[in-house]
Each structure stands twice: as C-alpha cells, then as structure tokens.
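Next, two complexes with chain A in common: one pairs it with chain B, the other with chain C.
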Partner chain A sequence: MAAPVNSVVNSSAKCSSFNATSFQKKTRSRLISIPGTRPSVQNGQLLVSTGVTSLDYLLGGGLAVGTVLLIEEDRYDSYSRMILKYFLAEGVVCRHELFVASAQHTPDDILQELPSPILDDVAIHKPVEQPRLSHEPQDSLDAMKIAWRYQNLPKVQTALASSSRFGHYYDVSKMMEAEIREAAKCHRFYLPEHPTQSSPTHSPMLESYSALLKSLRDVIQREGFEVTAPMSKSRNILRIGLHSLGSTLWGDDLCCHDNPRHGHALTTFLYGLRALLRSSLSVAVVTVPSHLIQNRALMGRITRLCDNAIALESFKGSEREANPLYKDYHGLLHVRQVPHLNCLASQLPDHKDLAFKLKRKQFSIEPHFYSTDVFFLTSHMSFTLKQVLV
Partner chain B sequence: MLSELLQGTDTGGFLIVQDNISHSGRPLLKSFISAALNRDEDVHVLAFEASEEELKDGLQGLPCQRLHIHNAYIDPLGWTAHPAFTVQQFCFEELTQLAKQTSQPKPATLVIDSLSWILRHLNPPHVCKTLQQLRKGGAVRAIIGLLHADMHQRGTVGSICHLATSVIAVSPGMKADEAVAKTTKRAKSGKVTQDEEIFRINEDLTVVVLNKTSHPGPKQTDQEEPEMDPTANLTFNLRLSDTEREAKEKLALPFVFSKEKKMALLQSGPGSGRILYEPDANDDYDQEDPDDDLDV
Partner chain C sequence: MFTELNSILNTSPDSFTQGDFILVSGRQSDASFLIHHFLSFYLRARCKVCFLGLVQSFSHYSAVCQRLGVSLAQAKEKRQLVFLEGLQEGLSVFIPQDDTTGNKALSFLRDPMVGLQNLYEFVRSSVSSPGGGEEGSDGSEQWGPPVLLVDDLSVLLSLGVSARAVLDFSHYCRASLCSQLQGNVVMLLHCEEEEEEDDGDDEGSERLLKGLIHQCCLALHVQGLPTGYCRDIHGQVEVCWRRRQGDGQHTQNKVFQYKVHDKGASFFARGTSSAVL
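Coming up: the complex of A and B.
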C-alpha cells in the first residue's frame, strides 16, 4: 500500500509547529498514516485498538485492519455489549467512522451508552493542601518552589485532538458527552427499519443478512474506504459493530434448533463480510449468542470464519459465583482463535486461563491461577508485609 | 423479588413464567392476572391451552369488565368457518388492533397462555420478532407469557428467555402447596439480579412469599483490621506547630533563586520542550478504585 508523498507532507507539516528540531526521519512511507492506528511490531500489519488495552495485548498489540473479531456473548449479554461499546467509543476518540447494526436495540440506544473517555490520561497527583498561613499571598496554583523551571510548561496534553496514544481509558460510570459523540460520523442499520422482501433468487443467506451486507458495501464504496479508492483525501478507518448476529431477531433459527434450516446463512454472511473487509480499510467486531447455539460444529465453523475469536463466560447466575477462587473476577475469558495473517504460525497468548473484571476505569483481563499454593503464598506475603509497615 | 414483579411497576417488560411437568405455572399466571386487575388495568388473555371457564375460575371476586379473554381454545387453527382467535392471528398488527379495541387510554397488559402452544405452530424467529415488536410498540404495556420449558429444545427456550426482562422458573417445593421460584431480572442498565424464594398461592390468588431458601451465600470476608495510623505511637514528633511551619516556609533552600533571577531564566512561552508521556502496560491506572458500587 503506497501512500502518496503529499499526504505524508501534510501530516508532517501539521506537527512541525510542535517539533523541537527540524530533523525529519527519512522514510519511504509505505504505510498510510491514519490517526488511531499503528503498525504491528510483529508483522507490520496496521493495527487499531479495541478500546480495551488488555484485550489489545491479548490479540498481539491490537486488531489488524481488515479483520473480524468474534465475541461469544455471555449469558445475559452484559460484558460482550460492554466490549462493543468500548470498541465504538475508541472509534469516536480516534476520529474513525462508525457503523452500528442491531436487530434488538436501536443503534442510537447503543451509541448513547458509550463510556466517557478519561481525558487526563496520566493521573495528575494533587499535592496535599498544606494549611496556608494567613500572611502569605495566594500564589497561583502553578507556582512551584523547587521545580520552578517547569513552571510555565503546559501540563500533559489533555485535549483529545492531540492525543496520539494508541489505547485509551474510559470511565464506565459516565456516559460520553453528546458533543464528542456527535462529532463522529456514524452509519446505522436497525433491522426493523429495513422491510425484508423475499428475494426471487434462492440464496443461502437470509434477507436480513443480505440487506446488512448490501448496506455495508454501499457505505464502504460511498465513503471511500476501499483500498483501491483514489488517495485524494485523507484516509480513515471504518469501525463496524454488529450486535448479536445469529439471534432469532435477525430471522435466523440458528439458536432455536439443533439442525437449523438456515444453517448456512450466518456462515455465508461472515464469508462475505470478511471478503468485504479485506479489500477495505475497516475492522469489524461481531457478537454472537453462542450459549444458545446447540450445534457445536456450526459454532466451530463460525469461529473459523472469523480471524480473532474470544468467548466470555460470566459468573453471574452460574454455580461458580460462590466459588471463593473466583471472587475477584466477573467471569472467564477464553481465547478461541488468534489470527495468522500473512504468516504460517500465529502468536498464542502466554496464559490460557484468563479471567476478566470490569472496573470503573478499566476492563482488566488477567491470567487466573487455580493452584492453591499460589493463593496461600500471596495471602501469607501480604500478611507479613502488613506487620512490617505497622 | 416475586412481590415486586407482582406489583408490576415497570413498563415495556416481558415476563416469562417457566414451568415443567412436575409443577404447573398456571396458578402463578392467574395471580399475575388478578394483581393486574386489582390495579385497574386492562388485561387481554390469549387462551390457547385452557378454556375460558378454567381461567375465570378464582377471578370471580374481581372486576371482570377489564378482563378480555380471547378464546383460542375452541378452534385455534381455524378449522371451522368462524374461529374466535386463531394462532395465525399472533402477529404484530392483529395484536395491536386487539389491544387498542378497549376504550381505555392506558395501554393494556397482554397475557399469553401459553407461548409453548404458539411455538409448536409458528416458527420461533417469527414469534420472537412479534414479541419484540409488541414490546417496542406502545399498544401493550407489559407481556406475561407461560412457557413449558420441557416441551422445546434448549435453544428455543433460551432464545425466548433471552428477550425477556424477567424469568420466573417454578419448581415443586418441599410441601404440597409450596413451590420454589427462581427469579432472574434484567434491568435496563444491564444489571442482572437473581433470587430464589418459596411461595404459596392462596385461594384468592394472592401470593404469599414464605421465606428465602437457605442459599449458601459467599463467605463473609474477615473484617479489616482497623487502619492504624503509623504516625500515632512514635517516640519523635512528626507534626509541625504553626511557628515551626512559618520558619520552614521562610527557610531559603540552597538552589532557590530570587524571583527576578527566576523570571530572567524562565521563558514566557510554552518553551522548546514538551512533556510527553505514554503510559504503558505497567501503569495500571487507578488500582484502589472502589468499584463495588458499579452497576453494570
């Protein structure tokens, strides 16, 4: 993918006002420079962040542009929906375009629930307020006694516009403000608004999926996301979020019967989706209610057709909730598939037992240790440390 | 939680009473009908599995002009010339028309007895689509359905319950007239609450919740030792008095310049340097965050 010279010059001219030196790195600029993306250190693929930094780490640095991430939903669709919202919120912050499709909730409902990004990326340590003596003049807050040389330098960049970080943190307890959300361009697909006509051709795909694929193709062609599109304007990434594909509200009986009549509908759609993504600058996250799909062979086929696949298993409502080993976590995360893009072997995550916990400012995914030796060792260590301090 | 659901405060809700062969959920369904009638709401009942007389049994004392039973028991498949209500009429347009027939401005409650019967004759995606459309449309305030969980494949039961906001699974209790209800409620925010209660239904169709089952809950965590202030019991004094603080402020530090020299050295603009910091994986943001109150 060769980028023309003028786009590179434009981007460098924008940041030259902040450059300390006039040194410009001489590169052949084969990679397109799009905000919110970075090349992978392993294979040079262009990566975008999923919005959850620990998930980025699991997937090998991020989600490669042109791939699909499949999320197998947990029983009550709380955490998978949360990850979808993180993905869309990251798109808003990085100024990417969004495409949201759902059959159950209107896309606007999903967009209104996006978590708010934390602007002060670094926790600024507030100095403890010493009680001021009465005769001292009120100094400005920026007056520093010892580090006065740094007094007039601006604080760490807090505006979203100049945020050049790859992954961001979000505060789940607050909703994203309307002006930030509306600044992002979003395409919506709500299935009840698309009346399905029975197609005359006998296609294995359902009308709902055909309509969705057609809508996606129209958006990609119209907005110029195709890789072969003329490079006259700056390029951007399209983030596609498809909620609960395969559920009955899409007209699919995959979840209802063991031998569904439309067994090939979703797999044909995923095949078409991947073909569309490979030839465009877009990335997709698809959630599937896999706990309802009884046919494991079908689930295996669906997993194979997506590049990345993870499964969420929440402890809510299961017998594992009372298990003391799991009391720190909200559920288990299983990595079903990692992609091998343009390579023979893929990089597997180090740990296979992963558990997740949704905290207010972070969705953390950690390896989870089953052995009781580690459990006793860590609790014993914390006990002795407490004694030493006190 | 059963009593809260009986009070029926949330609109747009879809409640499923799930029963099986060992214990029928129809008495609980009738309790819901009587609770709705006592609240002066219009109730439309689609009776597929039970006759009108059987459904009205027990509801005599209540104002019945708001109860509309659509008799689908006699001829559900439309074999005679003039069927009262057929299963083919279970679609969004017909049901909305049905619910709007009553002159009340308040939307009605729709009770379906039973969803299993409908699922035998219509395909599940169509049923799910109709239920979802009814919920989103304004004609019906709440939908209550009876589902026989052992009549369908697990996927079908799961798909229908996935759409519901609350699911009550009844099973037989220890004594003859008692039953156990496992309730799962999904709030709009996504929070899921579960409860298990023993209840009994009286003659007048009121539900008496006896007690919660002795559920082995999670062990109580040991109480935290009271935080000890490290500066409390020391042999030296760590605190400052006011005069001492004054003296401390006045002390000239070794590399502190006078204000004029500082101004001369400082530049007024943002300067040539920028502080750039990219937190990496080791900077775990906000470790001790009280997230017990996170309602997700």
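Coming up: the complex of A and C.
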C-alpha cells in the first residue's frame, strides 16, 4: 500500500511501533508533502503520477507508493518502453530519485531517450541568470508602465509551483535536455556489469535477480528511503524502472520453454520486490515480455504478485492495422489487475475495452467503441449484396 | 465479519462447529475478502488465532479489520493473535544481514525443497501457548480453541514449494489443530484458469486444489460471473458442505452471488441483486 501522507511526521514513539511498513492509518498529525505526490481521494494513500495522465486515471488517480506496476510488453517493446520513459521523465521533473535496471540496453541509453517536458510551468534550475541584452539599459527592460505594483515581485517561478502540479505532459518528438536530466539523481543497474558468482544456493531466485534485489536494498538503505529512516532528512520517492524482466538476457528461461527450469525465479524476485517496496517510499514499474511466455498459469502468478497490471497490444504488423475499426488508435490496452490495498473492494475501471494512441504531446487511453459509421456501412453492404444475388 | 455469510453458513461467533477445515478458493477472482471475514469472525469469537499473512503487510490486514470492527493491534498485544508477516520476515531471509539467518519458519524461502516443516513447527508452537505455566493472577486471558488462517497457499507455490509439500503441511495442520486441539483451520488458495493439458509434475494449483477439497469439510469457491464483468455483482460463491454423517459423506451445494463494499460484502441468491430488483 502507499504511504499515507502524514506517516512521515509521526513521532518517534509511533515509528517504533510494530508496523514498520509504509502503510499506516491516517492520523491527525500535520501533513507533509513530498513533491510530486498527492493523497488519494478514495483512501488516503500516497500517489505518484506515472507520467501519463490517462493511465493515472485508470489506476485510480495515480500509482500508490509502495506498489508495483506490471506492464506486459507489446510485441516490439515500443509502447511499453515509452511508458517506462514517461515514468522516469516524470520522476526527473518531480525531482524524485531514479533507479533504472536493464539487461539489454545500458540504463544511460534509456535515460537519454526521455521525452522532453512541455515547459509551461515547470521550473528548471538554471544556476546562471538569464543573460540580459547588453545594449539595452536594464531599467527600461524591467520598468513596468501599467502594472507597476508588481514591479518588485520575483520573475522566476519558484520550485513550489512545479511540485503543486500532479502529472505533466511531454513532447515525444524532442529529447529531454541534458541539464534537466542530470539534475536528477539516478542509480543504474546494468546486468553485464555485475558478473554473477555462482554460489551454491538452493534458492529458486537466479543470481541476476538476487544481485538486482541486493542492489535495490542497498540503495534504499543508503539513501534513506525506508519508512523507518530517521526523520531529519527531507523525504523523497525512489522510482524504480526494471526493463524486460523475465527475458533470456536476465538468464531466465521463462520465454524459451513451456515448463521452464527456473519457473520460480521471477516470482520469487517479485515477492522480494514487494517486500522491499512495502517497507520503503518507492514505487516500481516492471515490464515483462509476456507475449513470449507460453505458460498462462505462470503469467497469472506473475500478475498476482504485482499490484497493478496492464497489458499492451499494439496493432503494428498485425492484420488489425488495416481494420477501419481501429484506424484512430495504435493499440489496445487491457487492465489485468487493480489493487485493493487497505480496503476490501477495488476500483475497477468503468470500461473494459480500452485503446491507446500515442500522439506527439500526449499518450491517450480511451474507451474504444465501435464507430457507428463503420457499423452502418458494413450492414448496408451486406444488404445490397443480398439484393444482387437474389 | 459479514452477517449474511454467517447466516448462510449457519454460524455465529457464539456458536460455531469446532474441528473444521475450511477451504476458500478463487478461480480468476480475488477471494481474499473472505479471509478478512474469517479473521474478524474468529477474533470476535475469542479464539486464539494464528495468522500467516504471506501476501500483504500487517497494516493492510489491520486497516481492513478496523473497518470490520476488530483491532488487530490490540489482539496482538493481548496475545490473542500471533501474526507472521511473510513479506517483512522473508526479506531478511532473501538478503541476510549481519549473519542473522532470519525467521526459521520461513526457511523454505532459502531452499524450497526442504518443505514446510519449520512453518508447521511455528504454527504448532504458537497455538499451544504456555498457558499452563503462568498463574491466572497476572491477567492473562484464556482464549478459546486455536484457529489457523493462511493467506494464501498459492504464493507458496509461486515461491517454489511443491504441491505435495503444501498438501503435507495442510494435513499436519489439520491433524494437530482440528483433531487434537479441536480448533479450526481456514486456508485460501487461488487457482489460475483451467489448463487443458496436465503439467506432468506435481507443480500446479489444480492438484493442490483437488487434494485440499478432499481434506476439507467446508469449501467456498469464488468465481467470476459466467456472463462476464458486472459492476453491481462482483461474482458468485459456491458453498459446499461435506458433512460427515454416520452413514457416509453427505455433500450439499449452494450458489450465491456477492458484492464487496467498503465495509463488508453482501450475499444474495442468484438474480436477486439489488441492482436488478
């Protein structure tokens, strides 16, 4: 469950109580706000934005802190990777810390492709003042003739303005500028850099996954993301992006065999990941190439161990690309699982048939209805054909 | 505690049958709301409860039970409830720190081939509390028959434990808790969709489900509606009694539909949902 908003200011007596997780009952202590988060209207959980506002709406307002979002990749891993990049870009803009793990591309490759935020009200920390044009005297540039009462107010927007906004928009045709990106603290895990020492262990988790879990735990402890960490530091959120877990590059044979030998490696890792997340102020997005996994029961178990789960099915290269029903969209989105944490009932989305479209400035997810003109066209055509045959 | 479910099962916190092994299973539906019902039910019935919460954190169960009117924190303090938090203890087993080996009960996480014997020992020791040695004057309350609740068994399968080991564990728990100590056992199992071909080895929740149905005396199967998703009716529950009468087993099945609210769940006969009538 996500951390409620005021768990971080509980007194030390409360912190030393039995529940050392981030899910605590909302009490009457004063609220503290971590930038880029907001409490859920349904049950007070702390939510962060995924970077895609329509996906936030589907998940009930945002991604709850302490939970995992599983994205079942589309066939070419284009849109799932896009959502992962949105998620990390949102972390950069909200000034959260990032943790990126990948076995195929270096984490820096993923980070360099982050989309550029649309900068209406995002404050960028520019250490240097805006250079003034030298030939114009400063007074005439600054002097306001009409609104002279506002002369002395600061011109640069402060950081507070950006943290009050939840969810930003991105322009995918441009890459995020290096200076914005480098302002964010990022931890990297690139699997080829971690040579696996084969220690004799009977644990079902593979060495690659346990190295990743250890690295995550070290980062969480070192940077103070645990819920039980001392209150002196200001709190922040750690955004974890794990790319293409379960693929063969991680040493897993889930995608190769129907009855894999390491069938429990990924599920054991996800259990450990859930344990880490529930006790820290972090949120994870995991992508899995589910189209390669033939064993549906195994995929069901993987889904159960994550809290939120969506599946992307793109029309690229399939027969549906030419289908007039789907001409406005790039693919279908299926919501496999919605969490119900700290409550009995879960909030399922209203519509089950959802389709997505990646526009330049927005990734939109809409309920997909059969458009009436296509329906009438096909029925009219069948009517005329019958007349001809008779 | 769901009052409608109590009337369906003909039980109440004041009078319930002892020595029962209850199986709660869900196929493609989440049946965990029933575990919350049984947890609050047995705590209200003043039983000594051992809860293996392997899937969620303690505060999740605590928050839900608060809405059902039971405080898990108080029950823990009064030593009515023994709670094993699988996530927190399991992390120290996965990533051992400072040479501590972590909770022994979860040693199967390190090596699933070993089986669940340590977990059974933990259950056994927690329900047979040292009541005899303490004097009555220190205010320790006497609790009723012991109850074991497991949420849930399918996560054990996901962690690599074989179905045979889980069946052994459930058999040992039933033998000691139901027969010897006259307590109750409630276990939750989640099954995936039906697989057409058999797995070959004994990994698989179908085999476990069949074995547990054979062992239990009350089974609650939770399924989605056969007609698909509906916002007002979340699914159907099939209640199977397997009463052991003198002249052989007598089974009785009933099907109800349910809807889960914020503070409980309502059960009704098929077709009598308040949205329809």
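Simple rule for what comes next: the second predicted complex is superposed on the first by the 295 of 390 C-alpha atoms of A that agree within 3 Å, B and C clash if a C-alpha of one lies under 4 Å from a C-alpha of the other, contacts with A are read in each partner's own complex, and residues count from 1 in each chain.
Everything below uses one rule, namely that a contact is a pair of C-beta atoms (placed from the backbone, for glycine too) under 8 Å apart; a residue touches a chain by one contact, two chains touch by 3 or more.
Only a predicted model underlies this, so the values are computations on that prediction, with no experimental measurement involved.
Contacts of A:A322 after superposition: chain B is touched, whereas chain C is not reached.
When the two structures are aligned on the shared chain, A:T53 is found in touch with chain B, with no touch to chain C. In the superposed model, A:H257 makes contact with chain B only, not with chain C. In the superposed model, A:H351 lies in contact with neither chain B nor chain C. A simple residue count on chain A separates chain B from chain C, and the partner touching more is B.
Look at A:R296: by the touch rule set out above, it reaches chain C but stays clear of chain B. In the superposed model, A:H334 lies in contact with neither chain B nor chain C. In the superposition on chain A, A:K174 makes contact with neither chain B nor chain C. Counting contacts by the rule stated earlier, residues 18, 20 of chain A appear in both its interface with chain B and its interface with chain C.
Those residues of chain B whose C-beta lies close enough to touch chain A in the complex are 123-125, 128-129, 132-133, 136, 153-156, 158-159, 162-163, 184, 186, 190-192, 194, 216-219, 225, 228, 230, 242, 245-246, 249, 253, 256-257, 262, 265-279, 281, 284-286, 289, 291, 294, 296.
Residue ranges on chain A touching chain C, taken from their complex, read 1, 18-21, 23-25, 201-205, 210, 213-214, 217, 259, 263-264, 267-268, 271-272, 274-276, 278-279, 296-297, 300-301, 304-305, 340-346, 348, 350, 352. Taken in their complex, chain A has these residues touching chain B: 18, 20, 53, 57, 76-78, 81-82, 104, 118, 121-123, 130-131, 133, 136, 145-146, 148-157, 165, 169, 172-173, 192, 247-253, 255-258, 289, 291-294, 316-317, 321-322, 324, 327, 358-362, 364, 386, 389-390. Chain C makes touch with chain A in their complex at residues 28, 30, 33, 36, 56-60, 62-64, 66-67, 73, 76, 87-88, 90-91, 94-95, 109-113, 154-155, 157-160, 190, 192-193, 195, 199-201, 203-205, 229, 231, 234, 260-265.
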